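One structure, as structure tokens, below. Some questions next.
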Amino acid sequence: MDYREVDSTSEYVCRLDHGADWREEIESFADERAIDAGFFYGLGAVQDAEIWFYDQQRQEYDAVTFPEPLEMAACMGNVSHLDGERFAHTHAVLSRPDGTALAGHLNSATVFAGELYVRAFDTHLERAHDEPTDLDLWEL
Amino acid sequence: MDYREVDSTSEYVCRLDHGADWREEIESFADERAIDAGFFYGLGAVQDAEIWFYDQQRQEYDAVTFPEPLEMAACMGNVSHLDGERFAHTHAVLSRPDGTALAGHLNSATVFAGELYVRAFDTHLERAHDEPTDLDLWEL
Amino acid sequence: MDYREVDSTSEYVCRLDHGADWREEIESFADERAIDAGFFYGLGAVQDAEIWFYDQQRQEYDAVTFPEPLEMAACMGNVSHLDGERFAHTHAVLSRPDGTALAGHLNSATVFAGELYVRAFDTHLERAHDEPTDLDLWEL
């Protein structure tokens, strides 16, 4: 396992804007606060969601869309740099009125309400192409 | 996105009482330690659960109850003030013996076993009525 | 609720090795960095998974295996000592190509890709047999 020891430089509690995109909100915030590495955790509700599933054989993402109101039961992700821009790698667990859960890599979702804890680190995390997985993974 | 930069004042690892209510345990703890703002993360098992789903059209919560043993696969939430009392906004991902997942806003659940990490902040977070969503959201 | 106030001694961002076992990676890392107590949070993808469900009546774990590619939508867990060894109590929320979620106590999973945040505490957490649940719970 590759790793990097980090120190935290700042911590934030955030309220996502109603009607905005969940992931874009996080990336704009990272830009605004110049967060080059961090982790975030959140909860709330969304009005739709596009979840990506990585096909490990074909090494491509497939999108599934859920055009419906959903609880954001749990959101976990991190901020790092990809192709010169800050990227919020965002995973989400969503749920329906009957309690059944959906989950995966969150590409987009319209915020109904959202609460976030963000923790920024004193380092610069960069993603680069990884051969075995064809994903952009951290260089540590 | 509205936000507030915070500093952490204290951190705790906790063991929830067998037979107690999951959310009440967290709120009692927040009262005992005078936590006015914080985030928490947990895992364990429960013996039943009441999950709420917010109907974004009707702007009301609907309850779904699961009177059965469930794993608490992941619990994420925060502490802030609502109507003069400390409130633990608690989301949960639960699962059944076959591994299928349930998730949502956790109103109550009887603790079978529970482990928690709590992080308290040096601020006072208050909830107030939000017009567009009819929810009690943070004033930041 | 029993609890212990802790201070953080170190924080890490980690990249799990492709092809390794998810939980063993965390336990090896805890050994390498001499982490005697901590919490971790992660996301990524796995190629299979063995989830355990604790039968609260029979007080025994039952295993369910998912021999398929899955997203690791969210992983949450902690490090403490059990029977003289570091143990990573690991819970996971996994998902399938159609977005449906699986969750529970993660015994093992082959890492396809994995990103972790680990936070180590300045304490020694020990598990011991708990009579009412027949589980190994923290002595706090």
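Which chain is which? They are A, B and C, in the order written, and residues in each are numbered from 1.
To be clear about the criterion, a contact is a pair of C-beta atoms (placed from the backbone, for glycine too) under 8 Å apart; a residue touches a chain by one contact, two chains touch by 3 or more.
Predicted model, so just to flag it, every value in this text is computed and none were measured.
Two copies of one chain, chain A and chain C, touch each other, and the residues they use overlap weakly: the shared fraction of interface numbers falls below half.
Rotating chain A by 120 degrees superposes its CA atoms on those of chain B, with the angle stated to the nearest 5. For the pair chain A and chain C, the distance between C-alpha centroids works out to 21 Å. For chain B, the set of residues that touch two or more other chains comprises 41, 74, 76, 93, 100-101, 103. Interface residues of chain C facing chain A in the complex, by the touch rule stated above, are 10-18, 20, 25, 28-29, 41-43, 45, 47, 69, 71-74, 76, 93-101, 103, 112-113, 115, 117-118. Listing the residues of chain B that touch chain A in their complex gives 1-8, 37, 39, 41, 51, 53-57, 62, 64, 66, 74, 76-78, 89, 91-93, 100-105, 121, 123, 125, 130, 132-133, 135, 137-138, 140.
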